[in-house]
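In what follows, structures are represented as structure tokens.
In the two complexes that follow, chain A is the common piece, with chain B as its partner first and chain C second.
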Partner chain A sequence: MASTSNTNNRLVKYLPFILLIAVSVFFGILYPTFFSIKNVFNLIRQMSFLMIVSMGMTFIILMGSIDASVGANVTFSGVIAALLGPVFGVWAVLFGVLAGALVGLLNGALVIKVKVPSFLVTLAIMGALDGAALLLMNSSPINIHDEGLLNFSNGTLLGNFPNVCLIPIIIVLVSYFIISQTAFGRSLYAIGGNEQATLYSGINVRFMQLIAFVISGATAGLAGCLQASMFEAACPYMGEDILMNAIAAVVIGGTQLSGGVGGPLRTVFGVVLIAVISSGMNFMGLEPATRQIVTGIIMILAVSVNIDRSKMAYVK
Partner chain B sequence: MGGCLVYPPMLFCAGKDTRVASITPFQPKKIQLETFVRYVPLLLILLLFIIFSLTSTAFIKFRNLVEILQLSSIYLLLAAGETFPVLMGSIDLSIGGIIVASGVIAATIAPYGGIGTVVLILVIALLLGMLNGLIVAFLKLPSFIVTLATWFIYAGIAIALTEGYNINIRSNQFSNISNGRFIPGIPNLILWALLIYFLFVFLSEKTKMGRYIFAIGGKEDVAARMGINVGKYKIIAFSICGLLVGAGTLLLSSRLGMASARLGSSYLFNALIAVVLGGTALSGGVGGVRKTILGVLIITMMENGMNLSGVDIRVQYIVKAAILIAGVYVISIPDRSKQTIMK
Partner chain C sequence: MSNKGEIFFEIENVSKQFPGVQALENVDIKIKKNEILGLAGENGAGKSTMMKIIAGVYYRDNGYMRFNGEDYNPKNYREATSMGISMVFQEQNLVPNLFGYENIFLSHEEHFIGKNRVLNKKKMIERTHHHFDQFGLDANPTKPVASYSFHQRQLLEILRAFIISELYGIDSPLILLDEPTAALSEKERELLFSKIAEYSSRATFCLISHRLSEMMTHCDRIVVLKDGRNAGEVDPREASVKDLHSMMVGREFSGDTYQVSVQKDELSEKNALAVENLNHAGRYEDVSFSLKRGEILGIGGLVGCGKKELGKDVYGIEEFDSGRVYVGDSPVDKVTIPSMVKRKIGYIPAERKGFGIIEYLPVGWNLTLPSIFILKSRIGTLSKEKEKRMIEKYIDEFSIKAKAGDMCFSLSGGNQQKVVLAKWIARKLDILILDNPTRGIDVGAKEEIYSLMRAIVREGVSIIMITDDLLELIGLSNRIIIMKEGKITNQREAGKDNKPTEKELVQYMV
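This part shows the complex of A and B:
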């Protein structure tokens, strides 16, 4: 189990911190208003749903799988919440999370029962969810007028502490607890490390995979509700760019795509880094299309720095 | 063996016969399953043809059949391109990105539709495909993650260049590539597509390159130990994929008379479904470019039939997702042994 190159590993471990400081200093010097209270709060708002989705994605990537449906799931669950808002008020969020979790259950069931690789299952589900979301919203945004649902993102539950900060923090703490303190969490590392060995050691690998996909779906659902509430509407394709950002955040944080290495706290740094970079690109006046290109390049670089090639006999 | 059964007294044969007899009960089942899977595409084509002929009167008309063939031609090139990486056990998710980027970049540089536009589309698509291959081979990354990223990168380039507008390519000469009629009644794009397709079927079956791609898909480490330069053939396979997608883009742009950043989204799904339903397993090494044409006919007939029956395009997304998963499942039944580990 001894690592082949310690210096390389240490570099990878501290890379997110170094990059975060470098990027922050860069943008801080370039734009004096970058760290103004207003912009920092903006940053946190933008970061909130990415943080939630990335936490769910961490469960999946730790196992060495991937969930490509999170972006479409965010849109789909957001629509469900927006549609049910007038009836259930803030409780529509529960239905949004439930819808997301059911999508996750479907993903997981297809991966373990039909035995199709997770990237392909979730890619297909992504297409289906895009279709379903467009059908539900009839291809045009659904505005949210319900006070309760709007307060889900804009309100405060704990004194003056805004919900957009509170919810991601809760999700991070819960994820950290599950992954580091429970048998389920440890089995995720085992599955990611060596699935065959984990299977032979008597762990119910298929069930653990199913649970991980449900968690990823539920977090995507929660993020969808939060985003819809924040935008005051559920819009077509609103979660589209979350997929790339979430994978990039998880991987750049230090969770390896090959599975078995990483954790939720590393993802936190990855998310902050991605959010600072994307906010910085906003300051530079880059268009969404250009930001998309940059995110894609960042993702390839992050994956290429942080993947355990020795674990893959060959790379498909 | 049959001879042995006729002469029961022959003692040496008796031993052999019992061995054969002990194996035979297992054999028919396996053969049945594999034959069944092999004929699934043909059965599906027949079934779809009958269903749509009965449900829609417009389906069987000559004009509609030509329309199906026209649509098939473009999907045929895209799916044939996609078959090369899939045969290796890799995948190219970026073909939608290659379509929009190659079309838009070429139309931005040379919007007049001369020979320059044609060459540019093909060269740019080839280079984008090659870039995928280079990243996969040199950085040693899984192709699905690389091409997921490049899909977004290429699409981003196309959107940035067009800012959402279509770029018209107004030229009769350019339009004639697809819409001209060399044989009366049959648009040229069908001929072009078939010509290019069969050229690449030949390349994949009769050349060293083609056989090596099968070998890599069968078992990559064995192929590498046999002295095959795996990285080189990965780059070649992804480049071919890019080139064929470029050829598809050329016919598509010529048919529509424009390049747009919004074209690509549904093509990836259709191409993947066509490859898989044709009988090429995602695990690699099984299937072939030759089979992809059947998958293409299935997906175009299905799309055309659903359109004629008035199925909402958004419902079609859901149907296609289901078909993709079911197709991957059915095609990989005989090959399950390769998939003990499911990531």
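This part shows the complex of A and C:
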């Protein structure tokens, strides 16, 4: 039994990496233009907001919770930024991030006070946010005309390096730093491993949970601003796909849904893998609907390899 | 009709080993028809294991069992029940949201499949009604058992034994009761025993209880187990509770395991911690005590006497209703875990897997968990450097047989417990509250834990040790508090040359 679980562990650890190479080689041979500079930048643009949201989601899943509101939060925060664009220009992004963080605070507060599983709390918040976003935009897209806000995604801050690449990289580095180098990051692993034992060890578990939800909310907010800026508009349900993809990216990367195992660098692989597969399917001429089905199947496969059944109790 | 006295169930030479523990060794028990047999022994003597083997929950390693003269080898609990043997478990074994009749026939529904392969619920309900009437259980079979009182649920479980036996054409079942009275009030206890006496003309009972006097009053015969072996038999009509207890305890107390010779008896007059008039409804009442600096204060009493809850409340895991906790001389405004840890108090729970360790984190991370927020680097992050030093130091000092990167679940119970102990000592504490610090670990590891405790105390840490193990209580403590039904019944010194005997303490427990 020990040996099978060991092979299984090794498989889980390297699976995203192996898969990524296999998939890249496959599409690279099939379509010579797949790795052209143009398409690579296209790929990066496409994965930028998923990368940001998935980083936030990694904090949450590491402690064994789920934030189902990130997709709706992306839409909601994008609307806030688009609405405030004419007044504050690029600084509207701050308000977008703040709005996302406040949603995260609400999620966290409900999880720790009402003691309802995070999945249910955030699912309810998801519905409410979608509704709120629709009301704010009067059910039709809000176009963005402000140069500053548009430049948030299209411009460059660092030489010729586009912001849309720079921002996700910064978020990955910051997430990696927080999770691997701080006591807060360590306590996320502990909470995911055994919440009660962590509590008994004197860690302020509730506070850590709250912070993690705020981080997840803030990243969703940032992703919403970036997406609205790229699309030059905030549209209804624009963040809808992100929820499933973000959970898929984290899980495919090898962070366990039950918590306690994994990390942000693994999630990076998960995000890239999803982006490559999705772009490859684009090359193959598959419709978005079909692509969603494939993503769903990949997620189930990833989860079935990834979940350590001995640890599977429930998702908190 | 009653053939009282005839051998009904025979256990011969039965042994059972669990990893690291010999739970039962060559046990012989004979159960006579229609008697109420008591099974007595200390915690860990093997009583519950014996019952679970009879009930088919565990399978014996060797030996024989005969039921009504025939070889008896149930594969599982269900098969045992269909042969006429049922167990009422300590934690009730009912599905709360199912109706009374559904619980009764759970897993035996195939007897009620009617035409069209549909379950004949009417028949099930009628049958349950009939038995409820016959046994005087005043409850509605078509209500969820969650709406029954505790006592009703218990009777339901006993009734189930009769009803299932009848289903399989057995006229006289054997019913095993594992501490049925632990959660009952006195009145309910009386009621339960009057029912048992009444039913005993139609069934045979085997009973475990921590209340020795209760067993003496209600049992026809008591078999005593000690360390997994037969220790003798008591006839309640001729013997006293004292006789029973001395048979349970048996051995004379030997001093060396607990390192009594190095016990420090000159204690500081200063309090490390004090508790004043602590109350928690239903758990304990009006508890006051103080913990001197550098002592081991042992708290003993039967399971359910409130000592466990007291420990949890003082650490802030649960809230007490009223009273005051002092650390040093200053009162604590609100007792919460983080606030107590800040005041340099740690707690080690009895349930190691549930609350002590994090099984799927490395040993090193488990060890530093309480300290992560103080192991700071210059820029305020978690210093890996300091952490590494801490881990190496304590793995070495506590001789933990594992590497820093090993997952905690792969360690033996003893080594896991050393990790739990080490994580608090690494945090540099003043006070440690231990709940059954050596539960479920083997003898060798126990002695290691004891010597670590002695070493910690020498360095000025004060320990509150809550334990079910009488010998541990006597051997390690400087002073001993005994609780009974939520109240402190005795407080006494237990100096090096002034150790009480087990009997002296037990009189305050029962």
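Criterion: the second predicted complex is superposed on the first by the 308 of 316 C-alpha atoms of A that agree within 3 Å, B and C clash if a C-alpha of one lies under 4 Å from a C-alpha of the other, contacts with A are read in each partner's own complex, and residues count from 1 in each chain.
Rule of thumb we're sticking to: contacts are C-beta pairs under 8 Å (C-beta built on N, C-alpha and C of every residue); 3 or more make two chains touch, one makes a residue touch a chain.
These figures come from a predicted structure and were not determined experimentally.
In the superposed pair of complexes, A:S229 makes contact with neither chain B nor chain C. Within the superposed three-chain model, A:S304 lies in touch with chain B and out of touch with chain C [touch as defined at top]. In the superposition on chain A, contact of A:V261 is made with chain C only, not with chain B.
In the superposition on chain A, contact of A:G193 is made with chain C only, not with chain B.
Ranking chain B and chain C by residues of chain A touched puts B first. In the superposed model, A:S279 makes contact with neither chain B nor chain C. By the touch criterion defined above, A:S216 reaches neither chain B nor chain C. Within chain A, the residues touching chain B in one complex and chain C in the other are 196. Those residues of chain A that touch chain C in the complex are listed here as 181-183, 185-187, 189-190, 193-194, 196-204, 260-261, 308, 311. Residues of chain B touching chain A in their complex: 88-91, 93, 135-136, 139-146, 148-150, 152-153, 155-157, 159-160, 220-221, 224, 230, 269, 282, 284, 312, 314-318, 320-322, 324-325, 328-329, 332, 336, 339-343. Of all residues in chain A, only 63-66, 68, 110-112, 114-121, 123-125, 127-128, 130-132, 134-135, 139, 195-196, 244, 247, 257, 259, 287-293, 295-297, 299-300, 303-304, 307, 309, 312-316 touch chain B in the complex they form.
Chain contact summary for the complex, chain C toward chain A: residues 317, 337-338, 340-342, 346-347, 349, 354-361, 365, 369-370, 372-373, 375-376, 381-382, 384, 423, 427.
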